[in-house]
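What follows is a pair of complexes built around chain A, which joins chain B in one and chain C in the other.
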Partner chain A sequence: MAVIAEKPRPAAPMHLPGAQRERAGWPKFLPRPNPWRRAWFLESFTWLYLIWSIVPVALAVLFSFNNGKSQSSWQGFSLQWYVGKGDTSVLHNPELHHAVIQTLVLAGLTTVITVPLGVAFAIGIDRWRSRTAAGLSFVMIFSFVVPELLLAVALFFVVTQLLRFIPLGTYAEVAGLVVWNLSWPAIVVRARLVTIGRVYEEAAADLGASRIRAMWRVLAPMLMPAIFASAVLVFAGVIDDFVIVEQLSSTANTQPMSVLIYSNVHSAGLPGPALNALATIMLGFSLIVAVLGLLVYRFMTRQERHGSTEALTSIAGM
Partner chain B sequence: MTPPSRQPAPDTAGSGRPRVPRRRDDRERYGTRILWAGFAAPGAIWLIVLFVVPFYVMLAVAAGQINAFFQTAVPVWNPLDWSGANFATVWHDVFGPGAFLGGQAVRTVVYTAIAASLCLAIAFPVAYFVSRYSGRRKTLFLVLLIAPFWVSYMMRMLAWIDLLQTNGYVNRALAFFRLPGHNTNWLGGDSVTVVLGLVYGYIPYLILVLYAGLDRIDKNLLEASRDLGLGKWRTFWRVTVPLAKPTIIAGSFVTVLPMLGDYYTNQLLSAAPGTTMIGNGIEGLLGSPGEQGQGAALALLLLVVLLVPMGYYVISTARASRENI
Partner chain C sequence: MGAGEAGGGKAGDGKAGGGEVGAGEAGDGNGTTDRSGMTDRNRDAKSGHIELASLTKRFGDVVAVAGISLEVAAGEFFSLLGPSGCGKTTTLRLVAGFERPDAGRILIDGRDVATLPPHKRDVNTVFQSYALFPFLNVAENVAFGLRYRSVSKADSARRVAEALELVQLAGYEKRRPGQLSGGQQQRVALARALVLRPSVLLLDEPLGALDAKLRRALQVELKTLQEHLGITFLYVTHDQEEALTMSDRLAVMSGGQIAQLGAPREVYEEPVDAYVAEFLGVSNLMDATATRPAGATEVCHVRLGEFDLEAGCGRIDSTGAVKLAIRPERVELGAYELTGGNRVPGMVERLVFLGSATQIFVHLAPGVTLQALVRNDGRALPWSQGSPVSVALPADALRVLATEVPAFEEALAPAVG
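Let's turn to the complex of A and B:
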């Protein structure tokens, strides 16, 4: 574990003028506070936050295994909402079943299209220094901050009014998800390009490599962790996505898990724990992607210091 | 494509060290420009066709006509033929007397303001603790902080739907401690629930942004401040906070902008007309026959209001990346 830890020091440097001035108003009869003491208040606050953020989700996972229809009282363990007979389990309800597949299809397709587009875009924008490039970079960052609903509405109109050859449903969903997620690889890879600089490529050029060869043999391997991290982000982002796919889906057949959960929460159609089971499966996918992503990223950057913290933050897009 | 200029391209890569200008002929430089433009082209085309053009289509629909027979929107592509009728209607609906969208607009602002402030008030101490005081346990805390990031929004809302049922754990806990309100129907259109949902939904992103920013602050500056005689609190206010200010602003945008376009949190947690926000207004208009144009106009109105903060964010991001280079 490579962590920069502030080592506890035995005593404050009392001979410093600063230290004296700081304690000028401190009553003499009180013991002086240890400046390296633990931040108990902040630490308790943090733990409270963590409990608040994690326990509700854990309970929701638990209720997906409830042996009954209740979402609020525990009636024993069962797998009936996952594999139970009848129409209410994820395995046997065609709608639920299909939603799982649709989510995976969307995530896969979007990642496969977005990542190459975004990586090439980042490299191009970074090297092609011109007003056009600066403008495109502006547009890209705008697409990152625009509220998703506004983009989704605009996409709905463009698909129904102008580009009618893209039918609502999977095609429109993928087209929209790609544009919504394009900024992830573009931003992540571009940041990495800036830190790498051009020294290595120039060295390769001096040693006789052509531009393309230098990119392929020198730049690409160095960019690989960033590319991979952005792929993880896009995949997980699509699993979680709701607004764009809701606006651009057509029939029940093209609804992924998130839309199905949303549209069934208040209807009597599917009982609560079945939705919890669906959400738990979604969570499972995300966690598998996260853990795999973390391990592979860690493996890719195994020679770097501070690897584990860095891997964690990169996979979360920080 | 701009013609290749005669000046050497400014060398901004690397660490700003002086670089020996290399002599290249214009043809080679033109070739590389084509190469880089070619790299950027596919993504750029996708962005223009499916990000820039859609907003023009939205404008054409908002300023367009309605097919009287089918009650569908008919976009008008030529700006000279645009009509402002939909904008006028929407403006009247939001600001006019007896406006049915006015309440939504007010609620959007109030909910977002309260939720975003709560987010910041909770997220900042947590991010501050993990970046400064977590010491050897930093990885553990980071894993726990990042965990909610991987839990989908729907799952997080479902979790509260479970807890806030009338016989759910929240009410049972309130009854156990003999606190008032243990009979509250939290999911029946309660503003408190919606604000809580917004906070719970968006806080993980804010914490990650704040942590990343606070962690980047040079610890030597803090030590220098202490050595120069400032106390703990004054160091915090006069060194940490100013250094963290860009992060705080960026983080606030990252939470506020999606909240303003939110329409699902209140649907999931209350589904009552008394807690709807402007996003629900847009959705509702889009879904009603004959009112798609008004929906587009309302969405554009929201976009225009948001252009200022979005522009600020985009420009400050561009400036920051330029400074990094």
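Let's turn to the complex of A and C:
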């Protein structure tokens, strides 16, 4: 026994525990894998991915601060494209700053209309059990299935041919965005409803609350985080939206940031860095909404353990 | 965890003496409340009477409750006992108003409430999951229902404090449900219901989520509380020991029906059929044939294998295939040489020392294995594994039970037996 134990084992690195070393069937000449080793490949891949996706954005942001018209050679720092005197800055160019306002107006209106509708939709489907409800619950994932362009073109047709009393422009844009974004609150709130179950409402009813009061006093506070999360999703989604608003906008007055950037980037209309500035503002809005959303959500769900994971899954609509 | 143990310890003490004191104090408090709070609900001695008449509830093809009729007296502790899926919860939910019955009536104090929504019924529920509102603290949870009772702010605060005192949770007002142990949450749920002074309290396995020690402590507490407050408790459990120790009367349920209804002692000692006997804890069940029903002798002659026995209780008028039941503590073991009436030879299969008693498994000559329970009197037992013994099955302990005929089929077709 002692002799065998003292025999050197060159193939087994010293830091491996016995169990690992004794694994049967592993060829003697191969070094054994260390299960605790760093995952070099995955780590480098992650870094590459981050660089690949962040660097172009960072460059675009950087050149919005360029002291010159170039989008590729750095000429010093300035805020001229944001607040500069001429009519090429976002602040003073009517077209540019109108786009900022239009984006905010669309995001605000769409959120205010979509969220209550979506909440009602979710509650309705959760409570109304029938075949129709099952069908409708499929419609909830509508916007994840239908290509946005198809919906945009269809809406364009509807607005211009059928519902001609809706003029192209802000009204049509909001209508389209509501349809496109309704899935978010519907799915996020529905998921929350399913996890909550009926028992809290039953408890409230048992204690003397009528149905409406139980909904208001028990369901509403419990749904609040989900409602808020879906509002953030809708708001951020509208800021990013391009396909639908592009189809349904009319004059330059109703073009949000995304459409304006798109229509100027290949033509020599507005100077490049001004568009970068506009894009940076768009990015800023999205980031602010997301960060604010996450913070408020975590504050709202601070009572619940595992708050942060749920924040993520809820925001992701799972 | 720590909090849970603390609560358990507290509850355990309550059994010895603390509980008495607490109950006494609460009693005084409650007495004064009842005098001053008369406007709230005039509680005279006889409220909280429940009557269910042919209550039926179907879910699609499943008949969850199949025509239950029972009556619970005001102030009674009544349990619904049965295995999983037998319709206990559904029955309770029907009484609470969360489900609408397909047929039958629910009378509370003589008034048919079957069509009233839950918030209009003078019953409150303690849910198995407690269903405490997570976004409200303990005091707000308890005060929740008072909002709908036109109780003044000051009154409400006083009643919340009293209710929390009653369940020994004073000092926890500002905690959230998530910061309480299971046992404490259970007490909050109880306080939340009791603060409304319902005439009937429905409890759906309220101790189901707790560990065995805490369960036993809370069983005693709950029972004391119920006796003290005089509220009707309709209590659902699948734990036969819990039902037997706590209830004034109980109903053993099976497949949406009541298999037997009676006082714990009655149901335990005189099960009507094999199902009830089996469900109410260890009982030896044997297949036998009744050869001659009881005549003037008051005993029924049965044949177990090749042995003729006399059985003195149960359905002694039966003939044909029956089940014989005998409690382990009534099985008597003696020296193998002994012969006589109602004795069957057997062999000791296994001995299990239980402390206060020894459990002995005996294989009888007719091919069945019986359990016998022999009290421990300090002397060693004369048997060991493989010893031949003579097993006496006293006629007055041997029950004749109907075989697989559930109570309801029998009711439909009395000719079967």
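Note that in this section the second predicted complex is superposed on the first by the 275 of 318 C-alpha atoms of A that agree within 3 Å, B and C clash if a C-alpha of one lies under 4 Å from a C-alpha of the other, contacts with A are read in each partner's own complex, and residues count from 1 in each chain.
Definition applied: a contact is a pair of C-beta atoms (placed from the backbone, for glycine too) under 8 Å apart; a residue touches a chain by one contact, two chains touch by 3 or more.
Everything numeric in this text was worked out from a predicted model, so none of it was measured.
S.K.: So, does A:Val199 touch the first partner chain B, the second partner chain C, both, or neither?
M.R.: both
S.K.: Between chain B and chain C, which one contacts more residues of chain A in the superposed model?
M.R.: Between chain B and chain C, the winner on chain A residue contacts is B.
S.K.: With the two structures laid over each other on chain A, which partner does A:Ile54 touch: chain B (first), chain C (second), both, or neither?
M.R.: It touches chain B, and chain C stays clear.
S.K.: Now for A:Ile244: first (chain B), second (chain C), both, or neither, which partner does it touch?
M.R.: neither
S.K.: Of the two partner chains, chain B (first) and chain C (second), which one does A:Leu42 touch, if any: first, second, both, or neither?
M.R.: Touch partner of A:Leu42: chain B, not chain C.
S.K.: Applying the document's definition of touch, where does A:Ala229 land relative to chain B and chain C: first, second, both, or neither?
M.R.: neither
S.K.: Which partner chains sit in contact with A:Val189 here, chain B, chain C, both or neither? Use first/second/both/neither.
M.R.: Once the two structures are laid over each other on A, A:Val189 reaches no partner at all.
S.K.: In the superposed arrangement, does A:Ala209 touch chain B (first), chain C (second), both or neither?
M.R.: In the superposition, A:Ala209 contacts chain C only.
S.K.: Could you give the residue numbers on chain A that contact chain B in one complex and chain C in the other?
M.R.: Dual-contact residues (chain A): 199, 211.
S.K.: Hey, which residues of chain A end up touching chain C in the complex?
M.R.: Those in contact with chain C are residues 199-200, 202-211, 213-214, 218, 221-222, 303-305.
S.K.: With touch defined as at the start, can you tell me which chain A residues reach chain B in the complex?
M.R.: 1, 3, 5-6, 16-18, 21-22, 35, 38-39, 42-43, 45-46, 49-50, 53-54, 56-57, 59-60, 63, 71-73, 117-118, 120-121, 123-125, 127-134, 136-143, 145-151, 153-158, 161-163, 175-176, 178-179, 182, 186, 190-191, 194, 197-199, 211, 236, 239-240, 242-243, 257-258, 261-262, 265-266, 272, 275-276, 279-280, 282-283, 286-287, 290, 308-309, 312-313, 315-318
S.K.: Quick one: which bits of chain C touch chain A in the complex? Just the residue numbers, please.
M.R.: 96-98, 117-119, 123-125, 127, 129, 131-135, 144-145, 147-149, 176, 178, 192-193, 196
S.K.: For the complex, which residues does chain B have touching chain A?
M.R.: Per the stated touch rule, the residues are 1-2, 9-10, 12-15, 32-33, 35-44, 46-55, 57-58, 60-61, 73, 75, 122, 125-126, 128-130, 132-133, 135-136, 138-139, 141-156, 158-163, 165, 167-169, 200, 203-204, 208-209, 211-212, 219, 226-232, 253-254, 257-258, 260-264, 267-268, 271, 279, 282-283, 286, 295-296, 299, 302-303, 306, 310, 313-314, 317-318, 321, 324-325.
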